[in-house]
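The letters A, B, C and D name the chains in turn, as written, and every chain counts its residues from 1.
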Amino acid sequence: MPPPGSKPPTIRVLLFARYAELLGTEQLDLPATGVETAGQVLEWVRALPGGARIADGALVAVNLRHASRSAPVAAGDEVALLPPLAGG
Amino acid sequence: MPPPGSKPPTIRVLLFARYAELLGTEQLDLPATGVETAGQVLEWVRALPGGARIADGALVAVNLRHASRSAPVAAGDEVALLPPLAGG
Amino acid sequence: MKSPCFRLWQGADVTFLTTAPIQLQLLTDAVTAPERGAVASFLGVVRDHHDGRNVLALTYSCYHPMAEAVSRDIASEAEIRWPVKVALLHRVGALVIGDVAVAVAVAGSHRDEAFLACRYVIEELKGRVPIWKRETYADGTVHWVDPTSPGAELREAEVVDR
Amino acid sequence: MKSPCFRLWQGADVTFLTTAPIQLQLLTDAVTAPERGAVASFLGVVRDHHDGRNVLALTYSCYHPMAEAVSRDIASEAEIRWPVKVALLHRVGALVIGDVAVAVAVAGSHRDEAFLACRYVIEELKGRVPIWKRETYADGTVHWVDPTSPGAELREAEVVDR
């Protein structure tokens, strides 16, 4: 739990590659209140300016591992939206 | 055809690895007369001192390629008897 | 707009990622042992074309801590499934045609397991490790490669001016 | 008795055989090209045991001109069957534990064909290229390895004193 007087609890949202370009940033902090799943984080980002072009099928990761839309998230978690992978 | 006065036509027989040790030599010259197949070359070598321990299933090569027992051979050919291969 | 992450992150592990040229022999040496004499390996080398267009240059970016974590997962999975030792390394940053982008080396006692595990690692790496590739073409345009949609990014006019 | 042929033959091709240490990168470099970015390779490294016995040293001998001819056949077969470029190299002579005995590198446009062709080449090499291995054990005995009959050469007392 954050100490009294610190900023409200948030979920750290990371954007990469084309998604970072679409949103104009690589990092956002989403107020955690009322956010329960990774899918809700994705919908929140897609509602931002530029976010509509993030594909419905975007990959989502929670705390460094791939996760489903229904994966639970909470304050302090790191959620990443990943464009189609192109390594290798 | 060999020029007059040269040695009689032969088949060059090569032995390798354990077969060379069994026969005590790496090379034999077999008079070609009456020898028609690779299998006959193998039987000739197996009848030599030390040759009986050459396996019935020895590999045979004619002129640098694997060959069946029935492969035709003639004077000037190179026939090799190959113990089980162990490359790699 | 911040520039996308093409560098490795300060403080994160760098076991499976590198910005330096990849030398396959360092990986094969790392996995070979007296009891593991069968070594299968794979190299992915930067090609000069993509969807019929000439590639001039490219840059790999990554989600560094996750790429490390998932690479470690994949190596562990292979080592649990087969009696092998795995090494893998992906290069990030600016690469040129002919550079090695990724290398996998797997050593075991037998060929079967070395080949199967090597293939497993490269397939899983491509499907799971968060790495992205931005290509620059001979006509000056740039785009993010999307292997899930061959050619689609061109039709969708996702190409952006640099 | 003449000593078995552990040297390469004067005048014969030496494309696929060598008495010097094998460097995998020379093979991968030889097959990689801008249009062939997927490179699968295999190394066979000398192990320290065989049928439960400790190997001290070993020597590979070969039927040199046939080994070259058959190696060339195998590379050609793979290059006809798949759109790939193949390099293979087998070391002969005296080797020690940890030395690379054989290396295969195959480059293609796609992983599938590179892996399939690499596997094809090493399997065919083992089955067709005339090379033999004489091992010396910790107890001083020596024998010719027979992969077709695991352990049989020991039961048959084929071990010969050096």
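Simple rule for what comes next: contacts are C-beta pairs under 8 Å (C-beta built on N, C-alpha and C of every residue); 3 or more make two chains touch, one makes a residue touch a chain.
Being a predicted model, the structure only gives us computed values, none of them experimental.
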Topological distance between subunit A and subunit D, in contact steps: 2
Chains touching both subunit A and subunit C: none
Averaged-CA centre spacing for the pair subunit C and subunit B, given as whole angstrom: 52
Computed distance of Cα centres, subunit D from subunit C, in Å: 29
Inter-chain centre distance, subunit A versus subunit B - centres from mean C-alpha coordinates, in Å: 75
Cα-centroid distance, subunit B relative to subunit D, in whole angstrom: 24
Contacts with two or more other chains, residues of subunit D listed in rising order: 44, 122
Category of the chain touch graph - line, ring, star, complete, other: line
Pairwise chain contacts under the document criterion: A-C, B-D, C-D
Subunit B residues within the subunit D interface of the complex: 14, 16-18, 20-21, 24-26, 59, 61, 64-66, 80, 82-88
Of subunit C, residues touching subunit D in the complex: 23-25, 28, 32, 34-49, 97-98, 107, 109, 111, 114-115, 118-119, 122-123
Complex contact set, residues of subunit C against subunit A: 1-2, 4-5, 44, 60-63, 65-67, 69-70, 73, 90, 101-102, 122, 125-134, 144-149, 158, 160
